[in-house]
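Each of the next two complexes has chain A plus one more chain, namely chain B in the first and chain C in the second.
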Partner chain A sequence: MNRTLSIVVRRLGSLLATLVVMSFIIFMLVEIMPGDVAQMILGQSATEEAVTALREARGLNDPVLQRYGRWISGVVVGDLGESVYMQGVAINSILWRRVGHSLVLALTAFIMFVPLSIFFGVLAGVKEKKPTDSIVSFFGLATMALPEFVSGVFLITIFAVQLNWFPIVSVIPIGEGLFGNLNILILPALSITFVMFGYVSRMQRSSMIQVMNSDYVRAAILKGMPRNYVIFRHALKNALLPTITIIGMNMGWLFGGLVVVETLFGFPGMGSLLMTAIKTRDVPLIEACVLLITVIYSLSTMITDIMYSYLNPRIRFQGGQR
Partner chain B sequence: MKYILYQLKKHPLAIVGIAIILFWLIMASVGPSLLSYTHTAMDSENQMAAPGEEGHLLGTDSLGRDLLARIVYGSRSILTVALMTSIVSTFIGVILGFSAGYFGGKIDTTFLRGMDILMAIPPLVLSMVILGILGDSSILSLTLIVSIAFVPATARVSRGVLLTEKSQEYVSAARIRGESHLYIMFVEILPNTTGPIIVEATARFAYSIMMVASLGFLGVGLQPPTPDWGMMVIENKPIIAQAPWTVLFPALAIASLVIAISIFSDFVSKVLIHER
Partner chain C sequence: MKRILSIVLILFLALPMVFAGGDKEAASTEKVVRVAEQVPGLITPGVWDGQAFSMNSSIYEYLVEINADTGALEPVLATSWSTDTGRRWEFKLRKGVTFHDGTPFTSADVKYTIERTQDPALGHLKKQDFEIVSSVETPDDYTVIINLKEQRPTFVYQLTDYNMAVLSSEYDYASLGESKPMGTGPFKMDQIIPKESAALSKNVNYWDPNLPKLDKILIYFVADIDASISMLESDRVDVVPFVTPVIKNRLDSTAGISVISPYQEQRFIAMTVDMKPFDDNRVRLALKYAMDPEIIARSVAKMELGDGAFYNETPIMNSLAEYKEIPHRGRDIEKAKALLAEAGYPNGVTVELTYASDHPFGNDLAQTIQELAEPAGFNIELKGYTRDIYLSQYWLNVPFSITGWGGRIDPSMLLALAFKSGGSWNESHLADPRVDALIDKISSEVDPEVRTGYYHELQELFYEEGSLINVQVPYLVAINDRVVDYKQPITMLPQYKYMDIK
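Right after this comes the complex of A and B.
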């Protein structure tokens, strides 16, 4: 328990530091770079006075530190501020629905790739150096390196353009919710699955090989226990530990991947919202998205770490003695 | 040399990987002079021409630009940026990781906390936000930002390999001889750690291609008129139903290069680490 607590405290500390440093850097960068949101709202033909007036009304003429202070004191009490580009719409009113969509997409991908890659990883590990292993390993190596949008394009060409099973774009019709349109989730989630499959199945394979060669597994097989029983009851339990870590470590890729996949499919999630915010130089909206992605990402790696130490008795008891 | 040939014989897949990488390197260097079109020339009479039609081997996009020419020119920028990124990020990583591991104590703790901060943001999100705000990405800014996003990974690996070497006797011997810290780190220790560091750098090369392609796809990579494989995919996505080749060929180009490099880096790590 001691160790778990120290992980939580350390992680939350560095998360807080990250948020402060990163949000400050974003404010400063937007400040020093050319390009102006007021100009962008009004268009190139707007007069100087109109732009100045709009900047005044949105509070953009205040010194950058003052704006940063105002923003961060709002965030502390849960007010993420107003979007500049969308004319003062409260970010809280648009962001959370998008976050929900992204989480559903991530979860769908998660449900697909975790069992799939563990199964094939175990299969390849048990059949080491046989054709099954070579095929699974090569497939893993190939998909691991493919950016999400490349596998996404292949999937669209096959399943949307040729077979017409799924829509080419994943937009939700106005007035409808995500849950009435679950078929739009399949292709984006599959694109993410491709990348994750490589990492997870390769890890599962090598840890399975290691465990299968250990003395206790050999003893169990020699004792005459059914092979499948040994694989699933004895070996898999230990071989899963490194896999859990690698899944946690790759949550970062998953969230980066979400931005790419959402852009490819036009899926209304937080990644595509972040893209729009960057293109319109909408600082409060960029800040809100980055903040949220960072928090979700850090929390998920933290949970992985805790799970790892909880599942591995060697670490758990060592921690208890200290 | 004989050893490398022997290893290649044992891993026939690696030969395929190396061949594809060589193909793209040759394409990038001499390809443009073999082409009958340039990457910006618009053939207004043959818009969205199918592959093989009207002398356009891979077809044209919605503006009538030759896809083969755009892919060949695009190979230059992606290879340059990815190669530079893997070198720069490994270089910074070795310097930071070595110093942190070698000096230990407060320097090491500060280093680890700093890396924790950088690592709390997914690398793609980090580089996309910064590049997006900076706007007008050049080869230089793209290389620098992506390298920074990769430093936590490379620095941690370097620190790890240094720590395993640090307790060796030749290090203490050098210290007793009165060599300087810099000499010990880079003349004594570095040559003994080239294996893992080269493995890390080749793996970085594959990640860099993936990252640069994704950034181009998101529209924050190199700006037009420089053709960029990732950008070509998103540009032509709206016409994927009418002219699928406009999207498929750049996607295949990325896929072939990135898979070849990861086969290669897998081979390098097998040769340099596992089978020693």
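Right after this comes the complex of A and C.
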């Protein structure tokens, strides 16, 4: 039996268990959130009577477990319910559009930071303690230390206000789609790149240094093989492992957790939707968003594990050669 | 190594080309106004929570509306109205009006709209105000007679409330109201993307052939006010309602953008008359003597007094015709101290001020009052809560509070709710037979001049013994100077039909 396959199966099982537990936790957390949805909807001028009537109509007076059951049985068949504010509009029709936008943004950021940070990480690792290394490491540290709402404002000031190359806000003009307006992705993706570059390039650098100092690389170099061949064929594959873990662990954040970046740029993605939902106490929408983000996190962790085991034969064949 | 380096380089050089969207300003002669609004909550009239005004007020219409310049009632879907003594109201309706779905507008729609307020399943926000209606008669398609249970000479003003938009009796608002709003208004909904944007276009069948002047209204729902302002500054939108005074200061120096205050909102600083220490009128007076209206205007509204921010000690807004000009008593700390000592607090008094900290102007107003009152011997402890928690858990049973009250063109309903003994939102627990009697006289008096006299009497009473300080803060709208004739009366409903582009 293929080891990787069994890892996949096991992982899927634990993913399912995680989701069940998480869905309950999410529901309970939203439940204990202060404030009353009915009061929130009706506002200051609402009468007690109106609030009670609305609570009754929305089924907010039912016991907690009953409401959890109603929600989760809908989720299982793909019905995320209706937003508190948009009766007659299924959350599905709001959410997936936003998920699509966020995926495109995440992919853009991914194409930007992954090659960039791996390349410079390798470069710094190979040129350890040389000026190149210092520059790359300094830059990595500096961008890592800047939170995205700071680097985002910097980017806006330079590229949107001063140079006027990109739009200040990443709002899709009404009547147009995201693909006609790909330029709105650049600045948010750049500010994500700023955050990720430091993490990934530093990880890549240190693992590169470690691998370059290992016996087998030294032997290959001493054997007289071309240096580039050794770096890219022998060293890189091993040195990539920790980097992949770091990237994989951040994929969840990249696909669902860009609340700050999306809000700052006004980008219509998952993160800003979650922000809106929380601000307006739109409970079903909060639950749907958080649950989806949990799914994305778990999935990306799972995929990372699988890739790791594929790339690292020690894990793949562990116990398999008995 | 070199090869990989060059591939990476080429990739990065190619990226900008893929993403270069460029500006696609379509050269067209269409008049389009773009608005950045807050993300709306419920938008179906009846349960509309009072956001997305630019959208709803363009789609829906009312029997009557308020002229933003004069404050007078103007006919819209009703062409004329009359009443006997304020019990029986007859409305003549406009002929030839159709809803956006093509159905004609008749008296049945008005009857439906008014009877809908009492629908128990709905939680209509005007339910209480329309409980006074005993029956609605429709003798013909263009006449409506509304009979009231009691005399209410100012009843017609109720019909300007934003939740009283006239709805079609044949349209399913319960399931379509949120996703496909439909009325008789000057603009109709083309497309709405929930929580993101809405596109409205001119209603070519509008009953007034000269209106609207715009072809399209594009509305972006933006959760973050700073992002909205960025859009305004980079010319991606033309109108941003609901800006804060701090943003106003920033925009004042921006060429091509103006910030206007079409109307004011009220903040009632309520002193509860049956809880310590404000159960003694001398303590209430002491607090009033410690106030300085000019400082309040400057530190809360960032404006001069009388310039979008107002102050008085009565429930009547300064901008209303019923308001009686009473000069401010002047800040007098010694007098305030003496009053406090007389009331039995020679060493000062400690009191908690409860308010909604996330409500516009909430924190600034609370802190200003705290500082102004401190030298007089008031040690005010600030208790700020988020608005929904404030309203559901604290409002109506704390000794000292700040609450936002919308401006109302007819203040009589507000008086009955907030200052009459037993009124459901009587936050200061006022139970004064003289006040009750005056409120009763005000709400049943048919002659406007006599009514105004009662209003003046009431305000004098409040000045001496009242339980509130009424600070009026500006509602601010930032607009591009290209957009002209932005009209928004105290009903909060902007009238986009008059708007034009230079």
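The rule is short, and it goes like this: the second predicted complex is superposed on the first by the 277 of 322 C-alpha atoms of A that agree within 3 Å, B and C clash if a C-alpha of one lies under 4 Å from a C-alpha of the other, contacts with A are read in each partner's own complex, and residues count from 1 in each chain.
Operating definition for what follows: a contact is a pair of C-beta atoms (placed from the backbone, for glycine too) under 8 Å apart; a residue touches a chain by one contact, two chains touch by 3 or more.
In this text the structure is predicted, and so the values were computed from the model without any measurement.
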item	value
Which superposed partner A:Phe154 touches (first chain B, second chain C, both, neither)	first
Which of chain B and chain C A:Ser83 touches, first, second, both or neither	second
Chain A residues touched - chain C or chain B, whichever exceeds	C
A:Trp96 touches, of chain B and chain C: first, second, both or neither?	neither
First (chain B), second (chain C), both or neither touched by A:Ala145	first
Partner chain(s) touched by A:Tyr216 [first = chain B, second = chain C, both, neither]	neither
Touching partner for A:Ile168 - first (chain B), second (chain C), both, neither	both
Partner chain in contact with A:Met275 - chain B first, chain C second, else both or neither	both
Partner chain(s) touched by A:Thr263 [first = chain B, second = chain C, both, neither]	both
First, second, both or neither for A:Trp253, with chain B first and chain C second	first
Contact residues of chain A, present in both the chain B and the chain C interface	34-35, 156, 168, 263-264, 275, 279, 281
Residues of chain A touching chain C in the complex	34-36, 39-47, 49-51, 53-54, 57, 83-89, 93-94, 97, 108, 111-112, 115-116, 119, 156, 160, 167-169, 171-176, 180-186, 228, 231-232, 263-266, 268, 272-273, 275-276, 279-281
Chain B to chain A touching residues, read off their complex	13, 113, 116-117, 119-125, 128-130, 132-135, 206, 209-210, 213-214, 217-220, 230, 233-234, 237, 240-241, 244, 247-248, 251, 254-255, 258-259, 261-263, 266
Residues of chain A that touch chain B when the two form their complex	14-15, 17-18, 21-22, 25-26, 29-30, 33-35, 138, 141-142, 144-150, 153-154, 156-157, 161, 168, 252-253, 255-257, 259-260, 263-264, 274-275, 278-279, 281, 286, 290, 293-294, 297-298
Residues of chain C that touch chain A when the two form their complex	1, 4-5, 8, 11-12, 15-16, 18-22, 24, 34, 39-42, 44, 47, 49-50, 120-125, 127-128, 174-179, 191, 193-199, 218-220, 222-224, 227, 230-231, 233-234, 236, 386-389, 391-392, 403-404, 406, 424
